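The letters A, B, C and D name the chains in turn, as written, and every chain counts its residues from 1.
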């Protein structure tokens, strides 16, 4: 059994990815006993849905869901894992300077892991939910 | 019954979105009789998964799936529609200078529409598939 | 705004469906303030995956997820609603004399509602999770 | 590389499951070169949504999707495989004496396989679509 990743190790892997780094995602908090992580993403002009609305496009939200779910399982398994599939449900239009994705592992099996992801805006409104299935093989 | 969008009208809506515009997505071809569109996205350094690999991160692929599916239904209904939910399955690591998403409407109902999306790389390999559910209400 | 369904009203609708009635599903408990219901389904010989294993086939588990999710939203909206789509993730082989599905509404919007469903066996193990999108139009 | 299952072998495995056998599912046709199978399920009174409507409940439709998808991959791999997760989208109310699920493998990878499933009624109407992810490990 490998050791769980620390918050610093997670951030290091996040930063090493050009895409995640461009998105500015940070691992803001981890709860190792609950297999849970919090990943935050700041708004960028490039992520706006329609000009001047301040509304997030769904694409970056789906990306945040994918990454947060991935790193909840990565923390538990001790290294990054490939996404197999995931579902995104948009619940409300999302606005504001940043979004916070809380991801927690529902099951870390031998072949795959299943993770739930809730995305809140800065007012605490639930704007989207995700559910992802990731490979349990690190690499 | 509203008229179907033309390729030019679709491109105009794509271009009006800061996010889609940043991604450089273009509506390369449409098949109005088959309720089908082809949206292409060029590789950008910001979309790489790990540095120097040339591999696409899954986030932009999910974004492409969402947008292509959306505009297949938008073409049929005559205007842009909100995404309700979608599923992304990654089938192979994706590399290359661009990805092509073919999206076709499976059902355009009164309340929601369901669209399938296949994503191919430039070698013609199927790298991901998506299935999305969109609201039938334009706006 | 219509009134929430009572446990008895939910059971009445469940019993009126030949399929749900055949499955023997009962609304065992409701938490109206949390938009949450608990639906239980007893094992039947017809629901076994392989003979003599006592293991549930995935089909009835998916059916339980669909129905429990449906009635969490039905309780909130005051009447039964059509399923638009749902996802089922199987986490462990499921055995035992009954399964319990806890379903809670994540969002009851004007067009659709989104519901999460956890399925536990009698030992309290989480054997499957579901996420469903339902129409908000009663009928 | 193991050999593909024949139609007779598929039917034998279907018949060995109490649940699938109760549902009366038959493997009506296979296209081994296209990794595609057709599974049919006859209406039973126990599968009706509401009494006297002749409409299928969604639960049996989801079960048919799960099983048909499973056996498309099982044919390719040479043996039955566990379902990891699947999505069901209902497109139209389904009626009639039987439903036909066509399932074809989109990708048979080393860890998982992805299968698409279309469900038609006897009039040829597309009533539901499914997409499933199955383990590639037989057993």
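In this section, a residue touches a chain if its C-beta (ideal position, glycine included) is under 8 Å from a C-beta of that chain, and two chains touch if they have at least 3 such contacts.
Since we're looking at a predicted model, the values are computed, not measured.
Participant: Farthest chain from chain B, going by the mean of C-alpha atoms per chain?
Facilitator: C
Participant: Round to the nearest whole Å and give the separation of the Cα centres of chain B and chain D.
Facilitator: So the centroids are 28 Å from each other.
Participant: How many Å are there between the centre of chain A and the centre of chain D, using C-alpha atoms for each centre?
Facilitator: A distance of 33 Å separates the two centres.
Participant: Could you grab the centroid distance between chain C and chain D? Build each centroid from C-alpha atoms only and quote it in angstrom.
Facilitator: So the centre of chain C lies 22 Å away from the centre of chain D.
Participant: Residues touching two or more other chains, restricted to chain B: which are they?
Facilitator: 84-85, 87, 89, 114, 133
Participant: Should the pattern of chain-chain touching be classed as line, ring, star, complete or other?
Facilitator: Basically all the chains touch each other, so complete.
Participant: Considering only the defined contacts, which chain D positions touch chain A in the complex?
Facilitator: For this pair, the touching residues of chain D are 84-85, 87, 111-112, 114, 133, 135, 137.
Participant: For the complex, which residues does chain B have touching chain D?
Facilitator: Listed in rising order, the residues are 87, 89, 91-92, 106-107, 109, 114, 116, 126, 129, 131, 133.
Participant: Considering the complex alone, what residue numbers of chain C touch chain D?
Facilitator: 16-20, 22-23, 45-51, 57-60, 62-64, 66-67, 82-90
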